[in-house]
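Below are two complexes that have chain A in common, paired first with chain B and then with chain C.
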Partner chain A sequence: MHDQTLSEVKAIIGKFSERRDAVAAADASTPIKELGVSSLNFIEMVVRFEETFNVSIPDDEFQKIATIGDAVTAILAAQAGSAQAVAQ
Partner chain B sequence: MSRWALILGASSGIGRASVLKLAADGFDVVGVHFDRRAAAPRLAALRDEVERLGRRLTLFNTNLAQPDNRRTVLDQLPAALHGSDGPGQVHVVLHSVAFGVTRPLIGDGSASEDDLNVTCAVMGHDVVHWVRGLLERGLLASPGRVLSLTSEGDRRAWKSYGPVSAAKAILESHTRQLAIELAPRKITVNCILAGVTDTPALRVIPGNEQIAAVSAQRNPHGRLTTPEDVADVVSLLCDPRAAWITGSIVSCDGGESITA
Partner chain C sequence: MPALDELHTADLRPDDVVITGRGVVCPLGNSVDAIVEPMREGKSGIAYDPEFKERGFRSWVAGRINGLNPEEHFSETQRLSMSRASLYSSVAAQQAVREAKLQPADLEREQSGVILGSGIGGLGTNYKFYDILRETKSPRRIGGHGVDTCMASTCAANASVLFRTQGLGEAVSSACATGLHCIGYAYRMIKHGYQDTVIAGAADEDGWATAFGFDAMRVLCADSNDKPHKASRPLDASRAGFVVSGGSGVVVLEKWSRAQERGARPLARIRGYWSNTDGSGDMTAPSMEGQLRLLRATLKNAELAPGDIDYVNLHGTSTPTGDKTELLALAQVLGPTGYHVSSAKSQIGHTLGAAGAIELIFCLAMLEHGFVAPSINIDRLDPGLEDLRNLIAFEALERPVRRVMSNNFGFGSTNGSIILEGIAA
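Up next is the complex of A and B:
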């Protein structure tokens, strides 16, 4: 897992969480919904991921985001996808 | 002079169909939506379609659950409505925002206090705040139209639909009240009761496949309502001849709700 991305993702989740202490203690395997992020805030949180990392997360990857690690994986995959697109 | 429609929830479902319908009717459109970046190609295609119809589409991507975002859009509207023929006004407001929680009221996984409040705020009270914000800025035209969307879930109890059902009851109440208060300005206010419609908003409701199957079977036309069916009624209610229809809950369901 990419440590810096993980830490930035956790910082963003912290802004949407009702349980910031739990976010600080969470690791990649922690489900985001267990951190007090409501379903209504979930989309805004992912929009914030996209803005922060300047990526577009495809719908199928978005549907798979359950844990913090899933979010990091989706962001890294989107970054790799954009880098590949630029290289082409 | 340009006629503008402000469509809240413009990027999909009934809102999107109404963008196209009203553009075909000669309206320029300001659309507010809330989407991830993956929606960009779909929105570009929508803009292309509107421009092919010879009209303009200005989009704001923002989360209307945050009241500050509504105020930001309202503050930017005068610039968005300003055309070659001078300052513009909004002739039609369509509130088609689906942003709420579909969870039970009791037990495991039930809606939280915040869930209930946000759902009622965005899908119930929000239309009042838009109308007030437009009037305060002199942006709501007279005569004008304020339209919103409800469902049969306003009076029937579908499992997990409780928070949205409450919001729809609020919305219908506001429809009647606003109709009275806006009548002196010749602004009509109506709420369209759409049958079960295949939209992204339906597909996030738990048990949506069963709801759709039952509705299609129950509907005397043997099918679900489409976004285009509803957009046609939006268009009808914007016709000058609809000026005496106000404070109404207008069914647009092919007879679904009256079928036993």
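Up next is the complex of A and C:
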């Protein structure tokens, strides 16, 4: 897991969570919905991921985000996809 | 004035509907305590609004909400679900719940509900989202709150979520009668046994987003851009349209037996309420016939005679036609003497869908503190109303007030009227 990305993702989740103490203690395996992030704020949070990391997370990848680690994976995959597109 | 017979808590019947809490956000202040003295002193909450001028409005004056710090009231995540309208109603609802001393166990039950409406919803927020959409051509950039912030029931939805009520969670929307209709609907829901506790009222946003349609209709006052405090002048001969405004009023209504059981202090009893439509086939023109039917039905519902009313808050928007029709209709039903009238809009402008609820808070303050708030800015009374001069409170009147009536009318020829009775401490 990319530590820098993980740290930034947790910071963003914290902004949309009603349980910020739990976010601080969470690791990559923690389900985001256990952190007091409502369904609407979850969508808001993914938009913030996209803006912060300057990526676009495809809908099918968005649907797979359950844990913090899933979010990091989706962001890294989107970044890799963007880089590949630029290289081509 | 004759000595008034007082209503005491011992006189209340178990199925009476009483008001036990109040909250307000309006251009005169953001709490009930904050608005009482400005009301009494005849202050104006109307100011110059540069955004109106920048956008090419005819009218550059408005009632704005000042000094409200959302961070003091709600968490960052709670605020994501709120437009300005639902922020205002949520703040006012918090105040009302606090004054009523309602605990979570009083609210988290099927007999407790929310009826909070809005005339226009979260329109300003909606425009921000539209700007994002236009710029990005990507709806997803709006995020997760493109609906709950803007929908017509945003005020009710936010309060239901905040207080975790399990009963009604609904919004009545009826233009400028919204607030009164929400409170009246809540009254009926309690009276008929569907709920015993309801948080009721309304909110509308201040600012250009809710105002420009009215400016286009040329119904806003545009002759006082250099003297905003004089712009809203219901009943004045030179009145030239209304001053757009915003805010929220919220009350807690309870069945008296329930309020008594938990030791709550009743502030007033709702004595009667009625709503109707003109049936005139006109969207906006006031109808004396419709108002006469409304006022008579309200008195009948309250089982009162015309001489029983001490004070009437007029809808009194400061439009040439509306004010005159309203006062003439009122005098036909209540008579030409024996009570006083004023318009809260002279001080705060027209708070649109919130008007009925905010103005009810004004009425409650008058019942509690024993005064009639003035209708300010009447330098020269409309000559057509000269015979009714004695009814009008040109200045604050220090006098006990036992029963008040408050009236509101909205686009779509919709009308509402309510009668409150104060309760002696």
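Quick notes
Throughout what follows, the second predicted complex is superposed on the first by the 88 of 88 C-alpha atoms of A that agree within 3 Å, B and C clash if a C-alpha of one lies under 4 Å from a C-alpha of the other, contacts with A are read in each partner's own complex, and residues count from 1 in each chain.
Simple rule for what comes next: a residue touches a chain if its C-beta (ideal position, glycine included) is under 8 Å from a C-beta of that chain, and two chains touch if they have at least 3 such contacts.
Quick caveat, the model's predicted, so the values are computed rather than measured.
In this overlay on chain A, chain B clashes with chain C. Of the two partner chains placed around the shared chain by superposition, chain B and chain C are both touched by A:Ser38. By the touch criterion stated above, A:Pro58 is placed in contact with chain B alone, chain C being left untouched. In the superposition on chain A, contact of A:Ser17 is made with chain C only, not with chain B. Applying the stated contact rule after C-alpha superposition, one finds that A:Val47 touches each of chain B and chain C. Clashing C-alpha atoms between chain C and chain B appear in just one of the listed stretches 6-14, 96-104, 150-158 or 330-338, and that stretch is 150-158.
Common to the chain B and chain C interfaces on chain A are residues 38-40, 43-44, 47. Within the complex formed with chain B, the chain A residues making contact are 38-40, 43-44, 46-47, 50, 55-59, 62. Every residue of chain C that touches chain A in the complex is listed here, in rising order: 75-77, 80-81, 140-145, 148.
Interface residues of chain B facing chain A in the complex, by the touch rule stated above, are 34, 36-38, 40, 63, 65, 99-101, 112, 114-115, 118-119.
By the touch criterion given at the top, residues 15-18, 38-45, 47 of chain A touch chain C in their complex.
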